[in-house]
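One chain, chain A, appears in both complexes that follow, with chain B as partner in the first and chain C in the second.
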Partner chain A sequence: MANPIDIAARGTPPTLARKVRGLSDRAIAWIFVAPTIFLLLAINIFPLIWTIRLSFTNYAANKPNAEVKWVGLRNYERILTDEDIWSNMTTTAHFLIWTIFFQVLIGFTLAWLINRKFKGNDILTTLIVLPMMLSPAVVGNFWTFLYQPQIGVVNYIVEFFTGIPAASFSMLGPGGLAPWSIVIVDTWMWTPFVMLICLAGLRSIPDYIYEAAEVDRASKWRQFWTITVPMVLPFLMLAVLFRGIENFKMFDMVNLLTGGGPGSETLLTSIDLKREAFEKWRTGYSSAYAIILFVTVFGLASIYVKALNKVKER
Partner chain B sequence: MSAYSVTEPSKTSKWAAALLVTLYTVITLLPLVWIISTSFKTGPDSISYPPKVFFDPTVEGYVNLFTTRTRPAVSELEALPPPEGLMEEIARRQGTIITGPSRFGERFMNSVIIGFGSTALSIILGTLAAYAFSRFKVPLKDDLLFFILSTRMMPPIAVAIPIYLMYRELGLSDTHLGMILLYTAVNISLAVWLLKGFIDEIPREYEEAALIDGYTRFQAFRKVVLPQAATGIASTAIFCLIFAWNEYAFAVLLTSGNAQTAPPFIPTIIGVGGQDWPAVAAGATLFLLPVMIFTILLRKHLLRGITFGAVRK
Partner chain C sequence: MTGFLTGLLRLKRGPWEMLATILIALGVVMLMQPFFLWAYTWSFLVTLVGTVMFIITSHFPE
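Right after this comes the complex of A and B.
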C-alpha cells in the first residue's frame, strides 16, 4: 500500500501550484509566441495572399486610380508560354548548377585539407570565411571595378598568367563571358559556406571508424569513398539546399555586377521580376511571376528535403 | 616511443595541406585587399594600367566620400584664398573645391539605426518565441516552426511588390520604422531557430529549481534562463545585425530619399566626372570593416548561424 501522504502529494501536481502563483504555462506560451506569429502574418502571409489576388488582375501600381480588371489565369498562361521567361529560367539554372558545382568541389577539398589539422588552420579558416559575411551588393559593385574592360585587375592577371591580351576580352561585356563572371564572384563569396559545413561533417566522423578500417587493411582510397564521403554527404546536401535556395533568389550581387546584361545573358529570374514589377510596373503580371517562382523554389526544396532525410536515415 | 595513431595525418600531408590552404586564403583575400588599397589611391592611380600595387597613399578617397565638390576653372581656383583645414587642402590638390557634405554620413547612420532597431526587435520577439517553443507544449509546434522558416524561401522581390503597396497605404514607405519592421520580419526566422537551439541546451533543472524556490515562470525566465542564454543571444544578435546591415534588395526598392541605407547608396557615388573608385572603395571599406571584425568575434558560432542552427559543433 502506498503512503497516503504520497498519494495526496501526487494529487496536487506542481503545475497547479504554479498556476496559482502566476499565469499558466499555456498562457505564457501563447503570449510569447503571438507577437512573432503576428508579425509574420502581417509582413509575410498577408502580402503573399495579396500577391495571389493581384496575380489574377491587370493592376498596375503606378496607376492606382485606373480600373482594375479581373483577368483570371491569363497572367499565368502568358508567363508559362513566354519563351523569354523560359530562357531566363535556363540562365538561372546555369547559374545555380555551376555555382553549386564549383562551391561543392572547392569547398569540400578545402575542408578536407583543413581537416589535416595543421598548425594555424583555425586562423586560415576565419580569414577564408570573410567574403561570405560581407554585403553582396557592396562587394558585387566593387567586382565591376575588378572586371573593368582593358584596365581591370582581372584582365591584367589573366594576361600575366596566360598571355591572352587584356584588351581582347571583357568579363562583363559581350563575348559570352558574363554568365561565368557572375559564377566566379558567387563562388568566391560562398565557397567558405560549403567549406564550413563540410568541415563540421568531417569532424563528426569518429576516429575509431578509421581505426577499424585500418585494422581491416582498407586502403586510404577505399576509406575515403566508403567512410568519409557517405558520412559527409548529409552535411553536403544541407549546404547545397541552402545555396540552392539562396541562389534561386539571387538578386543583389548580380544586379550590381551586370544588371542582367549584356543583352539578357545574365538575366536571372529575380532581376527580370524586378524589371517587370518596378520598372515596367506590370504589377498583376509580375505577381503571377512571383507566385510561380515561389511555388518552384518551395516545390523543389520540399522534394530535396525528402531526399535529404532518406540519406540521413541510412 | 611516441604513440602512433592511424588517424593522425602524416607530416608531409600536413605541410602540403597547409600550403594549399594558405594559397587559397591569399587568393580569396586579394579582392578585399584591393578594395582597401584602392581606397587610399588617387583617382588616376586607381585606374592606371598595369594596376599599381605600390603607390603613395592618400586619403583623397575618404575626403571625396564625405563631401560634394565642384571643379572650377583654373584661373578661378588660383584666385581663391588659401585652403582652410585638411579636407579643403586635399580637395584643392585635385583641382576641386568642397561645396558641402555628401549624403554618405546620413546613409551610414540609416544603416546603423535600421540595423540596430531591427536587431533589437528580432531578439526580443525571437527570445520569447524560442523560449516558448523550447519549454512548452505549443500546439502545432513543428508546423509553426517550419512556417517560420519557410518565410525565408520567398524571393525578396516577390515580397517587395505587396510590401510596396501596403507601405504606400500605411505611410510606411521610405521610413525607418517601415524598414525596421520589414527586416525584423525577415530576421525573426533566423532568431527563433537559433535561439531555440541555444535555449534547448540550457538544462531544465535550473528553472525547475527556481520554480520550487517560489519563482514564477516569468521570473525564472528572466533571472535564470536569460543570463544562461546570454552568449547565444549575443551571437544571434550579431547575425541579425549583419543581415540587416548587408541587405540590398528591399532597401533599393522601398527606400529613396529618407531611409535609404548604405548598400544601395555606395554604388551610386559619383565624383566630378565619372565614377570615383577611390571614394567607392573608401565607402566600401568603412562599410565592410565592422562586419569583418564581427565575423572574427563570431567565429565559434559561425556555422550555427549560417545554417539556422541545423549544424552545431
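Right after this comes the complex of A and C.
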C-alpha cells in the first residue's frame, strides 16, 4: 500500500519540488522565520528607533512641513526638571504600588479559598472572573455612575457603614479620594487575573507533599509557609510582573473615570504623555517622555525576569 | 564583599548583574520618589546605565 507522504510528494509540481530540494535546512528555516522577523522589525524595532531619533528633535506631527531642528538632549532635560511631570511620576507610583499590593493580597486569598473543594466552586470562580472580561471602557463608565455623589451606590454604602452623609463627599472629586478611587476600580477589575494565576500555582502543588508534611506532623501554618508560599511564588511573581507593566501603562480606564483630575491628582504618566503627543502636538518632547518610561519598564522587567528565573531554579 | 569586588574585576556575570540590578532599582526609586527633585533629575541616567549594563553583563561568563 502506498505511503500517504509519497502520494503527497508525487502531487507536488516537479519544478517546485526540485527548487525546495535544492535548499539547505538552514535556508528553509530562514524562509519560515523571515516573515516573523520582518514583522517584528517593522512593527516594534523600527518605531522604537524612530521614536529615539524624534526625541532629539523639535518635531511636531501636526506641522509636517515645518523645519525639524535637532535639539540634542534638551527634551530630556526639560522633562527631567519639570516638577509637574515629577508629580505625575509619584501619582503613577502610588497607583502602581497600591494596586499591586491589593491585587496580590486579595487575589492570593481568593485563590487559596477557591482551591478548597466545595459545592458551587465552579460557578463562584466564573462569577469572580467576570470583571476582568469586561472592557476597560465599560468599567470606567459604570464606575463613574457608581461613584456619583447623588445617585451612586458607593456613597450610600459609605454612609450606611460610617454615618458620613452620602452627598457630602465625592469619590472622584477634590478631597484626596480620587487616587484611591482608581486603585479600587483597578483592584476590582484585575484581582481575578491574579487569582487565576495563583490558582494555577496552587493546583500545581502535588497532594503527596502535604501528605508527607502531615506524616511529619507539620502544622497547617507551617505547611502554608514552607510548602504553599514557596511553590506559588514563581506564579505570584509572574502576576506581579504582568500587572506592574500593565499598570505602568494604564490609560483607558483612568482616563474615562477621572481624565487625570481633579486638577492633576490622578494624572498618570500615560495620560500626560497622550496629552503632550496628541493634544499639544509636541511630538519630539513626548517621544523623549515615552523613551524615559520605556527604559524604566524595560529595566524593571529585566531584573524581575532574572529574579523569576532564580526562584524557578530553586 | 571581597568576592564581589574580585568578581567585578574578573568580569564575572553574577557581580556585574547585581550591580546593574542595584542601579536599575535605584533609578526607579529616584524617578518615583516624592522628596528630592535632584534625585528625579538624575534618575533616568541611573536607570539607563543600569539597563545597558544589564544587557551587556548578561552575556558575561558565569
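One rule holds for everything that comes next: the second predicted complex is superposed on the first by the 282 of 314 C-alpha atoms of A that agree within 3 Å, B and C clash if a C-alpha of one lies under 4 Å from a C-alpha of the other, contacts with A are read in each partner's own complex, and residues count from 1 in each chain.
Basically, contacts are C-beta pairs under 8 Å (C-beta built on N, C-alpha and C of every residue); 3 or more make two chains touch, one makes a residue touch a chain.
Keep in mind that what you see is a predicted model, and the values were worked out from it rather than measured.
Once the two complexes are laid over each other on the shared chain, residue contacts for A:N141 go to chain B alone; chain C is not touched. In the superposed pair of complexes, A:K306 makes contact with chain C only, with no contact to chain B.
Once the two complexes are laid over each other on the shared chain, residue contacts for A:V295 go to chain C alone; chain B is not touched.
When the shared chain is aligned, chain C comes close enough to touch A:T92, but chain B does not.
By the touch criterion stated above, A:L113 is placed in contact with chain B alone, chain C being left untouched.
If you count the residues of chain A touched by chain B and by chain C, you find the higher number for B. By the touch criterion defined above, A:S286 reaches chain B but does not reach chain C.
Shared contact residues on chain A (touching chain B in one structure, chain C in the other): 298. Residues of chain A touching chain B in their complex: 14, 18, 21-23, 25-26, 28-33, 35-37, 39-40, 42-48, 50-51, 54, 61, 106, 110, 113-114, 116-122, 124-139, 141-143, 145-146, 148, 150-151, 153, 156, 166, 188, 191-193, 196-197, 199-200, 203, 207, 210-211, 214, 235, 238, 242, 245, 248-249, 251-252, 255-256, 269-270, 273-274, 277-278, 283, 286-287, 290-291, 293-294, 297-298, 301. Contact residues on chain B toward chain A in their complex (touch as defined above): 5-7, 9, 13-15, 17-18, 20-22, 24-25, 28-29, 31-32, 34-35, 38, 47-51, 125-126, 128-129, 131-133, 136-138, 144, 147-148, 150-166, 181-182, 184-185, 188-189, 192, 211-212, 214, 216-218, 242, 245-246, 248-249, 252-253, 262-264, 266-267, 277, 280-281, 283-284, 287-288, 291-292, 294-296, 299, 302-303, 306-307, 310-311, 313. Of all residues in chain C, those touching chain A in their complex are 17, 20-21, 24-25, 27-28, 31-34, 37, 40-44, 47-48, 50-51, 54-55.
Listed in rising order, the residues of chain A touching chain C in the complex are 76, 80-81, 83, 86-87, 89-90, 92-93, 292, 295-296, 298-300, 302-303, 306.
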